[in-house]
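Shared between the two complexes below is chain A, which pairs with chain B and chain C, respectively.
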Partner chain A sequence: MNSQSQRRKNFKIEAFKHKVELDPKYAERTWKVLEHAIHEIYNNNASRLSFEELYRSAYNMVLHKYGDKLYSGLVATMTAHLNKIAKSVESAQGGLFLEKLNHKWADHNKALQMIRDILMYMDRSYVPTSHKTPVHELGLNLWSDHIIHSPNIQARLQDTLLDLVQRERTGDVINRGLMRNITKMLMDLGSSVYQDDFEKPFLDVSACFYSGESQQFIECCDCGSYLKKAERRLNEEMERVSHYLDAKTEVKITSVVEREMIANHMQRLVHMDNSGLVNMLIDDKYDDLSRMYSLFKRVPEGLSTIRDVMTSYLRERGRVLVTDTERLKDPVEFVQCLLNEKDKHDKIISTAFNNDKTFQNALNSSFEYFINLNNRSPEFISLYLDDKLRKGLKGASEEEVEVVLDKVMMLFRYLQEKDVFEKYYKQHLAKRLLSGKTVSDDAERSMIVKLKTECGYQFTSKLEGMFTDMKTSEDTMLDFYAKQSAELGDGPTLAVQILTTGSWPTQPTAACNLPPEILTVCEKFRTYYLGTHSGRRLTWQTNMGTADIKATFGKGHKHELNVSTYQMCVLMLFNSADGLTYREIEQATEVPALDLKRCLQSLACVKGKNVLRKEPMSKDISEEDVFYFNDKFTSKFVKVKIGTVVAQKESEPEKQETRQRVEEDRKPQIEAAIVRIMKSRRVLDHNSIVAEVTKQLQSRFLPNPVVIKKRIESLIEREFLERDKADRKLYRYLA
Partner chain B sequence: MSFNVSGVTFDAHRCVLAARSPVFMAQFFGPMKGKVNQSIEIKDMEPSIFKSMLHFIYSDSVPDLEEARGNKDASVALAQHLLVAADRYGLERLKQLCEMKMYEFVDANNLATTLTLAEQHNCSELKAACIEFIKRPEVLAAVVQTEEFEHMIKSCPTILEELRSKNDQ
Partner chain C sequence: MRRSSNRKSSSASAAAGSGSTKAASKEFEKIDHLFNVYADKSSAIIDPEGIEQLCSSLEVDYTDVRILMLAWKMKAQKQGFFTLEEWRTGLKALRADSMSKLKKALPELVKEVSRPTDFLDFYSYAFRYCLTEDKQKCIDIESACQLLSLVLGTQFGPQVDKFTEYLKSQSEYKVMNMDQWMGFYRFCNEIPFPSLENYDSDLAWPLILDNFVEWFRENQK
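And now, the complex of A and B:
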C-alpha cells in the first residue's frame, strides 16, 4: 500500500456487512413509529414529525425484509382513515355534501404526498419486485374504493352532479368552481372512473333532456327560431365543458346535442311550412341560412339535405320561369329574370353558404337543367344581348359593360345548343351592324372575345368577318366618291355595305325593281367595284337596306322619311301617281307578297307614320286595297322613322325555318366527328361511336343518337366506312 | 445547512442536494419539510462515506474510488459502502459506478459480500454477474469457505435456492 494514500485517508474502511436484525420485535417497533406518523398526518398534525427519522425507519424495514409488513400496514391504516372520512362525507347535509367531499379530497391528496415521500424507498425497491401498486396510485385506488364507490356515496354523488347540470340548463347559477374540482378529482382517479361514474350517465341524461326539449321546440317554433335555440344550446354545452368538465367530453356532448336537436329533425326543419329552407331562400334570410348551414354541417348528410332541397326547388322554380307563357312574350325580360335569379342565389351561396363549391355546382346544374327545357333560350339570350348592345348599355362605363357581358356569358355556358345561339347571334349582329345601331364598338368586340375564349376560334371567325366587311365597305365608299364625284353630281347619295357571302346570315333574296332615280348610281357603283375586283359577283340585298327620302306634303310641310328599301320602292311610285291599287304596286315593285304586305301596313296603318292612306281603312292589307299619298300627314318631327329593321322574336314559321337550318348544319359536323374518330380508332362499335361523337360535340350541341345513326349509314353508302362482316354492330374505317 | 454524522459535521447546500437526490428533494422541499432545520442528524452511515457521497453530489465523480485502485481491497470496501448510501439516497449513477467497481474486482473472497449487497439493494445485473461467477466450481469451493458466506445465507436465504436452481441448469 502506498503510504501517501494511506496518510490521506482519515479512517480505514472495512468490508461492508449489513447487520442481521435478530430482534423479533424490531419490525413491530419500527412499524409502530410509522403507523403513528400516518395517524398524525391524517389528523393534520404533521409539523412535528421528522422526515429523516421516518424515512430511515421505512428504509430499514424494507432492507431487513419487512417490506410486506410495511405495505400491508400502510393499506390497513389508510383504509381505516378513509372509512372514517366516508362516514363524515355521508353525514353531510344537502348542499354541503359536495363541499365536504371536495375538502376531504384535498386533505387526502396532501396526506398522500407526505406518506409517499416518507415511504419513497419502499416505492423504489420493494414495490416493483413484489408487483404491488405504488403508494400514490394505491392512495387513489383506496379513495375510489372506499369513498367514491361507497354505497352511500356513489349514487348520491352522481345524482348531485347531474342535478346541478340540470339546474344550470334550466337557468340556475351553480358553483362551477366546486364542480370543476369534483370532475377533476374523478379524472385523477382514472378516466374509467370519470367515464363510468359521471360521463356516461351525463351523456345519457343529456340525450333525454335534449330529446324532450327538441320535441317541445319543434312543435311550437318556426325553423329560424328553432335553429337559434339549437345553436344556443350547443354553445352552452361547449362553454360548460370548458368551465368544469374534461376536454374530452366536448366532442361527445356536442354530438349528443347535434343528434337530438338537429339530425333527428332535419327533414322536418328543412321542409317546414312557411319557414323552411325554401322560404328562407325566397326571402333572402341570410342569417337563418347561414345558421342552418353551419349547424347542418355538423351532422352526417346535413349539407347534402340542404343541397338536395335547394336543387329541387331551383329546378322547379326555373322550370316554371321558362315555361311561363306571359313572361315568354318579352325575351329581354325573360333573360333579365334568369339573370336576377342567378344573382340572387349567387349572393346566398357566398353570404350564407360560405361559397361552398358543392352548392355552386348544384346551382349550376339546376340552371343547366331548366334553361334547356325551353328550346328558345338560345334565341332569347341573343335577343337580350341585342337589346343591351343596341341601347341598354348606353352610357355605361367599361366596367359596367364587362359585368353585364360576363353575367350573360354565364347563362350562355349553360346552353346545350350553343350552335343555335350562334345562328341567332349572327342574325342579330348583322342587323345591328347594317342599321348602324350599336351602342359601342368596344362592347361588341368584347363580346366576341368572350365567345372566342369560351368556344374557340371557329365560333367567332365569321362574326369577325362581319366587322371586317363593315370597315372595308367604309373605305370602299370613300374611294368611290373620291374617284367618281365629278360624274355623280347631284344624284342621290349611295352608301353600300359589301357583305362577304358566308360570313353573313343567308337570307333568300328576291331582287325587287329599284326606282329609276337610283338605278343609275347603283350601276355606276357596280361598274366601279367590279373594275377593281374582277371575278366577284355582287347581288343587291334589297330586303336589308334603308333609304332617307325627302317628302313634301300638303301645305308645304317637308319631312325626311327614313324607310326600308322596299318602302322606298313603294313610295317612289307615288311621284308619278296619286293612287295605286295593291296589285299595281306589286307588279311595279316585284316585292315578295309577305314583305309587301308588312311594308304597306307600316306605311298606311300605323298612327303617326301613315304617309299613305288606305281604302278601306281596315287594319289588314288585302289584295283589293287602294293606296293614296296622304297629303294630310303631319308629324311634329322633321325626321320620321318608319319601319326600322329591328331584331324581333321570330314568328312560328320563321322559328321552324331556323331550326331546320340548324339541323342541316349539324349533319356535316356530326359526319366530320365520326370520320375523325374512325380514322384514329380504325375499328369501333356503334355505342362507342355514339358516346365519342357526343363527347366531341357537346360544347356546341347535344347530338341526337338517331341522327348519328343516319349519318353513319350515309357514310357507309359513300364508302367512308364499312360494316364488319361478322358483327353488325362493328364498323371499320376505309382508307 | 449542516449534517451531523457520528459527530462529524458536514455543510452543504439544500438546493444542490435536492437537485441530485429525490430523497433530499422530499426532505427539504416536500410537504414534510416542516420548520427549517439548520442541522440534521444522520444515523447508520460512516462519516467518510457521507463525505464521498457529498463529493459525488457536487462533482459527479468519486476520486477516492479511483485513487484506491492500488489497493484492491480498500477500493472494493469503499464501493460496497457507497453502494448502500447511493441506494438509500436514490443516487442512481453513483450506484452504477459502485456496481461496476465491485464487478471489476470480484473474487472468491469478496463475492459473498458482493452478492449479498446486490441482492439487498436491487442490483440485478451485478447479482446475475456474481451468480455466473460463482458457478465455476473452483470459485464455489473457495467461497463456501469464507465467513461472509455464512452471513450471506443468514441474511439472504433465498440466494441459496437460486444458486441451487441455477446449478441444476
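And now, the complex of A and C:
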C-alpha cells in the first residue's frame, strides 16, 4: 500500500517551453521574397505575384519580431527606386519633364497601394507600437524628399509650373489637365509642400506680373478700359484656380490682383482726367460705374474712396447750381434743375451702386449742404409747387401727381429753414385759393397731408383752416343769395371769401374807394353777415380781390375783363371821364402808390391788354402821366385777363420784409424752447442749452447761437432765469 | 453823556422828527447834529444841495467816487438824498461823529471798499443806486459809461476806456442792465487785457461783451 501512494504524483501539463526560433536565415529569405516583390511592383510586373503569399510573409516577419528589418528594408528599397525615378525624370527634356513626372507619380501611387496592401499587418501592428510612419505616408514623404525636393528637380519644377502660368496669362494655351495633376500631387504630398513649392512663389510672381501690367495699363488706358481689363484678369484668375489650382488659393490670388490692380491705383483711377469717376457720373456711364463699384468693393477703403469723390463733386456741382445767377431768375426752372439732379443720381445709385445705403446717405447730405447755401431755396420750392398746382399738373393722373409731390417733399426735407418755406407756402396757397386757380383740390390736400406727416399738426393747421374758410364762404354765399335775391335785383354779383384772421397770411390792408355800385352790394353783405354772426368784425381786403367787368370799346367790340379790385376801381372811373391824370386817379381811388403804379402799368403798358392809353407812351408810370380809355382796344379773346394776382418771386424789399417777419416769429419759438428745457433741467450750462434748443427746433429751422444767447439774456432780464451765483457758466430756472 | 448836551440833542432830535427814542438819540446826538447842518429844514433830509455842501466841507469833489462810497456805507436808497437813518448807519459804521473824524475816515473807507468781497458789493450797489425810477432796470449808456469810469477807472483803466469807447460807438444797445454790468466786472477780473486770450464767446458771457470783444479784435487789425 505505501509504495502505491508514493508512486502517485500530480499530473502536470508542462508548457511548451522550447523556443521555436525562426531561423534567421528564414527572416532573410522572407525579406528577399518581399524585396523582390517590391522590385517587381515598381517594374510593373506585379501580376505574377501572389498577394496571399506576400501578405503571409510580411505577417510572419512581423510576428517573429522582424518588423524592424522589414520596415527598414522597405525604406531602403523604395528609396533606391525613387532615386532611379528621379534620374529618369531629370533626364526628360523640355515639355516632357512634367509629363514624365506626372506619369511616374501615377505609377508610384499604384505601387504604393499594392505595397501597403501587402504590408497591411505591419502597418497595423508594428508601425503604431514603434512609432514609425505608416506605409502610405512614408511613400509620400519619400517621394517628396527624393523626387520633389531633389536638387535637380525642385527648382525646375517650380520654374516650369510658373512659366506655364505666365504663358497662359500672356495668351497661350497650356495643358491644364497636366497642371491639375501636378498641383494635386503637391497637395497630396501635404499642404505645406503645395504652399512652399508652388503657392508662395506663384503668388509672388503674380504680384510682380500684375504690378507691371497695371502700371502699363494705367499709363495708356482710360479709367473705364482699365477697369474692364482688371475685371477680366480677376475673372481669369478665378477660373484658373477652379481649373488647376487648389481651391484655397483663390482668395489669395484674388487679393493679389485686387491689391496690385485696384488698391494701388485707386486714387489715380478715380481722379483720372476725362474718364474718372466724375466724368462717369456726368455721362451716366452705368456699366463703368457698376464695374468700379464691384471692383472697389473688394479692396479696403475702396467704396469710401468712391463715396468721398462723389460727395465732393456733388457738393461743388450743387453749389454752382444754387449760386448761378442766371438760373436764379426763374425759380421754377431752378427747382426743376435740382429735381433733375436728384433723379439722375438716384438712378445712378440704384443702377450702378446696388442701392447702397451709404451712397444714398452721401447723396442726401450733399443735397442738404448745397440747398441751404442759397437762402431763397424755401421760397423757390414753394413757387415751384405753386406753378405745378396752379397749372403744371393739369391733366395729370393721380399717380403722376403723387410722384411729383413726393419728389418735391424730398427736397423739402433737405431744407434747414422749414419755417421760411411755411410762410411762403401760405402766401402762395392763399393766392391760389382766392383766385380759384388750383389744378386739383385733391392735389392740394395731398400736399397738406404730406407736410403734416413730415412736420406735425401745427405746421399745417392754419393751412387747413384756409381750406375750411373757402368751403364755409361758398356756403355763406349760397345762403346770402337765397335770402337776399329780392333786394339785390340786378346789381353786380358779389362773391365773398371770408378769411379767418390768423389762418391767412397777414398783409396790411389799405382800404381803397370802391365804386358806388360795388359799395352798395358790399354793405348789404356786411349787414347780412353781421346779422348772422354777432361779435365779429369784417374788413374788406381790397388788395386781394378780383372783378369781371363787361366793357364796350370802339365799334361796339364787347369784352369781358378779368381784373383785380384795384384795377376795377380805376377802370370804373372812366365811366364818367374819358381822360384822367395820375393824381386824379390816385385821389379818387386812394389806392396806395406802389400798387397803383403796378395796376396802371398792367392796364396801359402791356401789349394785348392795354385797355387804357397813356400819355406819354413810356413804359414807366410817372405822376405826371395822363390816362385815357383806349377806344381802339382789340383782342381776339372775348374774355381778357388782366389781373396781377399771380404768385411771383419776391422783389428785394419784399424778401427783406418776409425774412424779418420770419426772424421775429423765431424769437418766441426759441424762448419757448429755452423755458421748456430749463424747466425740466433746472440748471444747465450755456453750451448745453444751445445744443438742446437746436435739437428741439431742428424740424423747423436752424437757430443762430447768437440769437439764442440774446433770448437767454432777455429771459434773465424778465427774471425767468438767473445766472448761478457760484458758477457763472450755469443758468438756473426761476420758478 | 453830559446832561446839558442831552437836552440839546433830544430837542434836536425832536425837531428832526425822526421819532427815535431817547436812548437812541443819546447815542446819535453828535451824528444827528452833523446831519442837521446839511439837511433841508423842511424835509429833514439831505438833498442834492446839502450833499454839495457836504462835499465842499469834506474837500471832495461832488463827482468824486468817495461820495458814492459814502452812500454805499450808508446803504442810501435814493440817489442824491440821505435820510437820517442812512446818515446814522453810515457814520456809526465809520465811527465818525464830527466833520474832522469823517474826513479822516474817508481814506479808510476807500481801503475797505477795495477789498474784493466788499468791492463786489459796492460795484453792484453803484448800479442800483443809479436806478432812479421805480421799476427801472437799466441805465442809459451814457450814464453807464460815466459810472464805469468812476467806479472801475483806477483799477481797470484800459478795459474801461476801451469798453466805453465801444459803447459810445455802437447803436444796438441803448441801455445796460444789471446782468451786463456785473458781467463786465467779471470780464475785467478773468480775462487778460489786451490779449483777451481765453475769452470764449460760446460760454455764458453776456452778448454785449461778445460784441465788444469782436469789435476790439477788429480794431486791432
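In the analysis below, the second predicted complex is superposed on the first by the 713 of 735 C-alpha atoms of A that agree within 3 Å, B and C clash if a C-alpha of one lies under 4 Å from a C-alpha of the other, contacts with A are read in each partner's own complex, and residues count from 1 in each chain.
To be clear about the criterion, contacts are C-beta pairs under 8 Å (C-beta built on N, C-alpha and C of every residue); 3 or more make two chains touch, one makes a residue touch a chain.
A quick note: this is a predicted structure, and the numbers were derived from the prediction, not measured.
**Student:** When the two structures are overlaid on chain A, which partner does A:Val173 contact: first (chain B), second (chain C), both, or neither?
**Tutor:** neither
**Student:** Quick one: is A:Thr129 in contact with chain B, with chain C, with both, or with neither? Answer first, second, both or neither.
**Tutor:** In the superposition, A:Thr129 contacts chain B only.
**Student:** Touching A:Tyr55 in the superposition: chain B (first), chain C (second), both, neither?
**Tutor:** After superposing on A, A:Tyr55 lies in contact with chain B but is clear of chain C.
**Student:** Could you let me know whether more residues of chain A are touched by chain B or by chain C?
**Tutor:** With both complexes superposed on chain A, more residues of chain A are touched by B.
**Student:** Check the residue A:Ala46 against both partner chains and state whether it touches chain B (first), chain C (second), both, or neither.
**Tutor:** In the superposed model, A:Ala46 contacts chain B only, not chain C.
**Student:** Let me test your reading of the model: by the given contact rule, A:Leu63 touches which partner, first (chain B), second (chain C), both or neither?
**Tutor:** In the superposed model, A:Leu63 contacts chain B only, not chain C.
**Student:** Contacts for A:Gln113 in the overlay, against chain B (first) and chain C (second): which applies, first, second, both or neither?
**Tutor:** first
**Student:** Between chain B and chain C, whom does A:Val638 touch in the aligned arrangement: first, second, both, or neither?
**Tutor:** After superposition on chain A, A:Val638 lies in contact with neither partner.
**Student:** Figure out whether A:Asp685 sits in contact with chain B (first) or chain C (second), or with both, or with neither.
**Tutor:** Only chain C is touched by A:Asp685; chain B is not.
**Student:** Can you list the chain B residues touching chain A in their complex?
**Tutor:** Residues of chain B touching chain A: 22-23, 26-27, 30-35, 40-44, 46-49, 67-68, 70-71, 73-74, 76-78, 80-81, 84, 87-88, 90, 110, 113, 116-117, 120-122, 148, 151, 154-155.
**Student:** For a test of understanding, state which residues of chain A touch chain B in their complex under the given definition.
**Tutor:** 1-2, 5, 8-18, 20, 46-52, 54-56, 59-60, 63, 110, 113-114, 117-118, 120-121, 124-125, 129
**Student:** Which chain A residues qualify as touching chain C in the complex?
**Tutor:** By the definition above, chain A touches chain C via 685-687, 690, 705-706, 709-710, 713, 716-717, 723, 728-731.
**Student:** Given the complex with chain A, which residues does chain C contribute to the contact?
**Tutor:** Those in contact with chain A are residues 137, 177, 179-180, 186, 202-204, 206-207, 210.
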